[in-house]
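Letters A, B, C and D mark the chains as written, and numbering starts fresh at 1 in each.
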């Protein structure tokens, strides 16, 4: 079987977003990408999470051709693939319909960086994609969703802002592994929740200054990171 | 015993709305309808959910005559029956007092379709019924509640919008089976929750465009559905 | 031991408000009153709920004299007693610091009856007491809290509105038994939660009409009640 | 091993903030201080809570020199130390990113005392620190965070207001022991939650009067306390 260990990681990321309360029914999906093989493993479409086994993951190449697996892949498979094609550092992608991140996506508002919880994981606002045109929706919708994400990240290192709000839809998060993508999806939901309470308390609030943003993001990420054990 | 398997399904729908956190005490009720027999099975009134057994379900005909069962049916029995009499595709009905759906019903606001979570299950806004007149309240209140629902759905296929907010009261959801009705009640609550956060973030927001609505609803419903396995 | 069965009921009401999520640490207290003996059993002050046993309940007469028990009664004992002295139909009282009911009490706003969940249990708004004067706070504070409740209910049958918001403090609920008082405390919290979401969605909303209020309250309460099993 | 019993208490405070829902992943940290030895025990940085053992706690002196322990201390160690150096009555400090307290900190708003739940534990508003200058952020950030807290408490007895909101960051709470610090962190989160609902219901609301504040705070704290069992 191809990608044996990646399948386990992808399954685990799918289960993690359920355990963390980000998923209702079969909403949401996680995938992982192996650059060595050029292959992705992704959750099958519409299968209850509690029945998922590593062998149920669907393996495709970067063009979306199924190379192993008898089930249909997640309906969002083309969005995942577009992300892997353009963000070479990304090896895990997670899509959810988590409540607060969806609400910001529906409101079509970026989430400004209001504090250090956000700054620890996103090195600027959480971006929102531009709405798709009717033509983009009516043909290759999932692919065009991916393209809108890539356009929004032009000039942005995707690991410095490991997630996005797809306008009128919801969040996609990613990372250097499926488990990091799942963690970023969880953090994005909490950042969105805190931000919605914050704007209720102070509607005119603007983002924190760059110095505080630098201090927090860079102590957890990059060559100068000091957080955690060695 | 009549409707043996439907009783089990109806019991299960009643328990599902409890497990999903939509029910407090004995609020809420689920029923199922069998077109073959022309009979409905419904939860008895005011019995704690944890004590319910299939044989406790009350079986009535479409006129509300009890044909099997020693307990009183749910006090909302006449609303359920009115729905079954007018919506032949509907074979399950669920009523709850879930927090966010009730809040929209109390606010007497339709829930506009703000995003794809909504569009996946409701093919337009979630409608609100007109308030009942004092006369409609004072005589045959539950039947008149059903009539208000039917009036609100004039010209609307009820399976494209599988639920309604009864003004100043709360949600009724339905579907092609009791379990689908329960699922729609759960989804309606989550849609209502997301929408209340969304309008807080963007009070002037309008509903999504038709193209996005079509794309999402039709990939999960109808002959062209592509979601899930085969 | 005095009031053996009432002690068990009072303990159970104390545990119920914990199980329902209305209580943090040792906040909140429940009591019960036996008209036959003219005695009240109440939770002791500041004892962790998980250690409470029936024999820990403190028994006092209507003047607050401890007739059985080695622990101090709840610090709110004088408020409970004032309620029992003036509301002869009341045989259980529950005080909590539940989140939403406290928030309305802090906001010093009555909770208007916005829908049938409210109308099923409160036959009008949930009232708020007048603030106490500094003198009333500085001497016999708990007794004066009770007096403010009694004043607010002048001309109101307390079983038609089984709870109150003490201004800047929080809810007291009551009923014909300790378990009914606990249930009313739970319902008041949910009514407060729904109402806070509702006013966010429709700030100008007014209370429902009397006909709907009558229909709901009277089908659950009083001689014409039709809800539940005979 | 140094500070054997304090290590257990500190571990327990770290676990308590997890059990109470204040902590996501490895966010948050608790410490304890022993005046007799002049030593602090603190959680190590970035270690999952479920793996923590008493021997993992890092012991430092008041200058931050590690005197026992092979792991790195929490990245917030210098903030904890600054608090112990200036608040001699404080023997436990807890930092969390709990949702509502963070939201007030992000909004840069003090939490006014809106009711008795607050008044029972904080003898005035919950203060917010001044924002740090860029220089204070770029050099010795954690120490400067502590200094901002100390400045904010000039002339304030820290045990009368056992917590603070660090501007754009989140809450630090403290107390006469690690367990009391953890309890104050939990209470601060609930106070923040109630206050955010309260201001939604009554945006113009001002703090309660001093007489009510005195009555509540002083019945739980200080020589005249009457709450609990002797």
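FYI, contacts are C-beta pairs under 8 Å (C-beta built on N, C-alpha and C of every residue); 3 or more make two chains touch, one makes a residue touch a chain.
All values derive from a computational prediction rather than experimental measurement.
Please give the intersection of the contact partners of chain C with those of chain D.
none
Is the contact between copies chain A and chain D built from the same residues on both sides or from different ones, judged by whether over half of the numbers are shared?
different
What's the chain with its C-alpha centre farthest out from chain A?
Farthest from chain A by mean C-alpha position: C.
Between chain B and chain D, tell me the centre distance in angstrom, where each centre is the average of that chain's C-alpha atoms.
Whole-Å distance between the two chain centres: 47.
Chain B to chain C: how many Å between their CA centres?
33
Quick check on chain C: which residues sit in contact with 2+ other chains?
Each of 200 in chain C touches at least two other chains.
Return all touching chain pairs.
A-B, A-D, B-C, C-D
Looking at the complex, which residues from chain B come into contact with chain C?
Checking each residue of chain B against chain C gives 24-27, 44-47, 71-72, 75, 97, 99-100, 102-109, 131-132, 134, 137-138, 141, 168-170, 196, 199-200.
Touching chain A in the complex: which residues of chain B?
Going through chain B, the ones touching chain A are 114-117, 183, 186-187, 190, 193-195, 197-198, 200-202, 205, 208-209, 211-212, 214-215, 219, 226-230.
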